[in-house]
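Heads up, the next two complexes both have chain A, just with different partners, chain B and then chain C.
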Partner chain A sequence: MTIVLVLGFLLYSSWPLIQQQGIAFIIGDEWYPFESLYGMLPALVGTVWAVVLALLIALPCGVAAAIFCAELLPAHWRGSMRFSMELMAGVPSVVYGLLGMWVLLPLLESQLELLTGRTLLAAGLLLALMILPTIMVLSEDAIRAVRQSQREAAKNLGIGWDATLWRVLLPQAWPGIRVATLLATGRAMGETVAVMLVVGSIDRIPDPFYNFLQPAQTLTSRIGREMAEASIGSLHWAALLFCGLLLAAIAMGLSLLTQRKGAAA
Partner chain B sequence: MLLLALPALLIPTMVLCYIFWQAVPVLNWGFLSGTADGVGFGVTEGIFSQLVGSLLLATMACLIAIPFALGTALYYRTFATPGQQRLMNAMFNMLQGIPPIVFGLCGLVVLVNLFAWGVSLLSGAVVLAVVVLPLLVLNTLVTLERIPNEYSEAGSALGLTKGAIILRLWLPRSWLQLLTGLLLAMARALSETAPIMFTATVFSGVVWPDSIFSPVTTLQTHIFYLAQEGNDPLLISIAWGSAAVLVLLVAFFGLLARLLQKLGGN
Partner chain C sequence: MFDRCNVGLWIGFLGAGFLLLGPLYAATTTIKIAGSTTLLPILSEAAKQYRVTHPDLSLTVSGGGSGMGVANIERGTIDIGMASRPLSEREAERLGASIDVIPVARDAVAIAVSKAVYKSGVTQLSLAQIAAIYRGEIRNWRELGGLDAKILVIDKEASRGTRHVFATVVLGSARARAPGATIITGSNNEEQSVISRSDQAIGMISNAWLNDRVRAIAVGEGDMAVLPTIENVALGRYMIKRDLNILVPKGSGDEVKGFVAFLRSEQGQAIVETVGFHSVR
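Here is the complex of A and B:
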């Protein structure tokens, strides 16, 4: 009920924009509200980049940590590990933003000798930190859900630990890890405040497009930045609402995918 | 592999330690109970009003969300057909996936402007309520599912009405878990910034909101503005202090929920 309301409302409010400029503005690459150019592409690319970077960092780390916790760590350590992860998952995003702004940015600036630390890389790193608990906790659950008899069977067959891990544990835990990844993707995409503080908010597709050391913009950070400036009813306003619609649509697609995969698992 | 796992294992502790290490210089009783009295753009120490604002918002959000969550969950359990149940499940999972800022956006347009509630406690609370609603509903559903079917069947066999089954059988068995869910929702509501940024908060100048139609100051947005604008080391240390208080608050609700869960025996 709410969902239909929200979506319908977003579509209705952004309708003037679609009407005036056609649907093609989604792939337009220039966003200058004052000249009525509302290309969505820079923010879309920024969002995708930030999420991909975050996943690239967080996925290997998170899954490795999950394997470590589930298989190697003694049981009484496991509880406290999990507890600290849950605690970390509970840290509000604005606190991560503070951390990113006053710890990560200076670090990046001095280490990589950049003009400004506000880059896609910073956003990716920060997001990685934020989705790490999700990935780790859910992957650990998935790995531990693999039956003990499977591990014993592997041992009986004389398979080494490495092979057991790659051939037995991970393939069986894979559906769970996949769901964890999808959930983490959704979370990373929708994160606003932290990203807003570190991403730089410049509406430009990185040049060349794989250069993640440049400032960029994500859908969420754009909404956050410009919402207060846009006057209600204007095209700019409609464009921002359309950003919201895009976000909601992608999120719902992801969620549907998660449910399908989750049901298949 | 250990090399890959190491950052994930160490960073959480480091992050928390760092926050508190930064916060220690400003954390004292005066910081918690002092109010920024409007002079000097929040530079004056004291985050009492922010604390009050955050708690008020979160509490109101939960109070608004509870009836809807309970109603939906009970409908799901008692009346909904399997088809409807699948649909509702999909809906709530989707609702959970939608970024909070989208709700903030809708709240800004509909509540703040269309309903003319203005930037106010009420608008923020309603938006937050929508954000925590799926969490509450899903938790309630899980709780209700745990109640063995035999209970309800025995109840029906004794001629109890559906209302009586809910009140006399389900509620006594599950209130502890329901409370757990509520506490988790509180923690969630406390940690959201994006949805209330445009709908409920101003930077400073409010200690106790006069009515539900007046804006509040919150810890979340306080941290945000200080982080964004502050060049003064003092401001940043206030931000760290607020961050530590916020983390402690969220952790407090999380821990309380955990404790209750243990009490409830699972």
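Here is the complex of A and C:
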């Protein structure tokens, strides 16, 4: 019900734009509100890149940490590990953003000899840090939920630890890890403040498009920067709400997709 | 010690206390001010001094940019808007009849570069050179007599007053595109921090935000190049300048009117000069 209301509101508010310009502006690559050009492609590409980078970094790290905690770590360490992860998850995003600005950006600039550290990579790294706890905690739960008898059976069959991990534990924990990934993707996509501070906010598709060492723009950072200035009811306002609609639609599409797969499995 | 009845009583007392406090807060009048970050230091300092003589008044001053100041005055969510640029034609059409635009200070928009760039010998540029940088035709400081280093070109959010003035003078129109830009920043503070932490940046920034690591270059051809000093602005030699305005709805209450008069008074204009801008008197 709420979802229908939210989507309805977003669609209703961005309708003037669709009415006037059709739907082709989604793949337009020029965003100049003053010239009534509302191309969504640069921010879409930026958003996808930031999320993909974050997942590429956080997923292997998070799952590896989860395996370590669930299978190898002595029980009395486990509690403090978990506690610190939950603490990490609770840090406000603006704190990560400021950390990113004062620690990550200078580091990137000096180590990679970049013109500016404000790049998609910076956003990806920051987002990776922010979604790591989600991935780790949920994956750990999923791995520990695999029954003890399975582990014992594997042991009795003389299967080594790594084979047990790849053939027994991970396949059974996979649905849980998938859910963790999905939640993390949603978080990464919707994150605003931290990304806004480090991404450079320029509405331009990186050149070439896979160059993640260039400044770019994400949908959320655009909304964050421009919403206060758009007068309510203007085309600019409608375009920003359409950015929100796009985000909501992508997030819903993703969760529907996993739901389907989950039901089929 | 605390049985259940007692706790209930305490909660009741607390609740009653808050209820009593409510009207007390409502009794003080609040003037809400928001908009251009360039005007922010002037209005903050003025509010502080004004409250000394008007303790019953509460003034809140926040930033957001000229565009936001105009948008929020239109929405009626603030009492005074700050704009470091004139109203655009469309804005003037919508708001001209209901809002007074009152200049409270003059300012120069400095072309600022990182300290390292300045030290390497780039201490003045012509308008044409600056335009070429922002159009993406010049990309390396070497072409301008500096070190062999790429130029980090900082543009500002499209609705910012500083950009409006810069683009009008340098690029020929207030809303001109800047295809040479590397990144976009918002407030003066954000831009200042980017320039000061880089060794190869150029940007546009209000005169009052210059410091050792964020240096103004002289603008103009050859011997005619001038720095954005208060004298050069007053004498009309420096081109990239503007009035800093406040937006006040017509028919505002006496509290707002009093504060506006204070800003334009001798004491108010003294604040303007202490903060680093030029008086309008």
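Just so we're on the same page, the second predicted complex is superposed on the first by the 252 of 265 C-alpha atoms of A that agree within 3 Å, B and C clash if a C-alpha of one lies under 4 Å from a C-alpha of the other, contacts with A are read in each partner's own complex, and residues count from 1 in each chain.
FYI, a residue touches a chain if its C-beta (ideal position, glycine included) is under 8 Å from a C-beta of that chain, and two chains touch if they have at least 3 such contacts.
Note that the coordinates shown come from a computational prediction; the quantities given were computed from them, not determined experimentally.
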| item | value |
| --- | --- |
| Of chain C and chain B, partner touching more chain A residues | B |
| Partner chain(s) touched by A:Val168 [first = chain B, second = chain C, both, neither] | neither |
| Contacts of A:Ala228 with chain B and chain C, given as first, second, both or neither | both |
| Touching partner for A:Leu41 - first (chain B), second (chain C), both, neither | neither |
| Chain B versus chain C as contact partner of A:Ile159, first or second or both or neither | neither |
| First, second, both or neither for A:Pro215, with chain B first and chain C second | second |
| Contacts of A:Arg118 with chain B and chain C, given as first, second, both or neither | second |
| Touching partner for A:Met189 - first (chain B), second (chain C), both, neither | first |
| Which of chain B and chain C A:Gly97 touches, first, second, both or neither | first |
| Touching both chain B and chain C, residues of chain A | 101, 228, 232 |
| Contact set on chain B toward chain A in their complex | 1-2, 4-5, 7-9, 11-13, 15-16, 18-19, 89-91, 93-103, 105-106, 108-110, 113, 130, 133, 187, 190-194, 197-198, 220-221, 223-224, 227-228, 236, 239-240, 243, 246-247, 250-251, 254 |
| Complex contacts: residues of chain A adjacent to chain B | 1-3, 6, 9-10, 13, 60-62, 64-65, 67-68, 81, 84-88, 90-95, 97-99, 101-103, 129, 132-133, 136, 186, 189-193, 197, 220, 223-224, 227-228, 232, 240-241, 244, 247-248, 251-252, 254-256, 258-259 |
| Complex interface listing, chain C residues touching chain A | 64-65, 67-68, 71-72, 74-75, 150, 152, 155, 157-159, 175, 177, 181-186, 193-194, 197-198, 200 |
| Touching residues (chain side chain A, partner chain C) in the complex | 32-35, 101, 105-106, 109, 115-116, 118, 200-202, 215, 225-226, 228-232 |
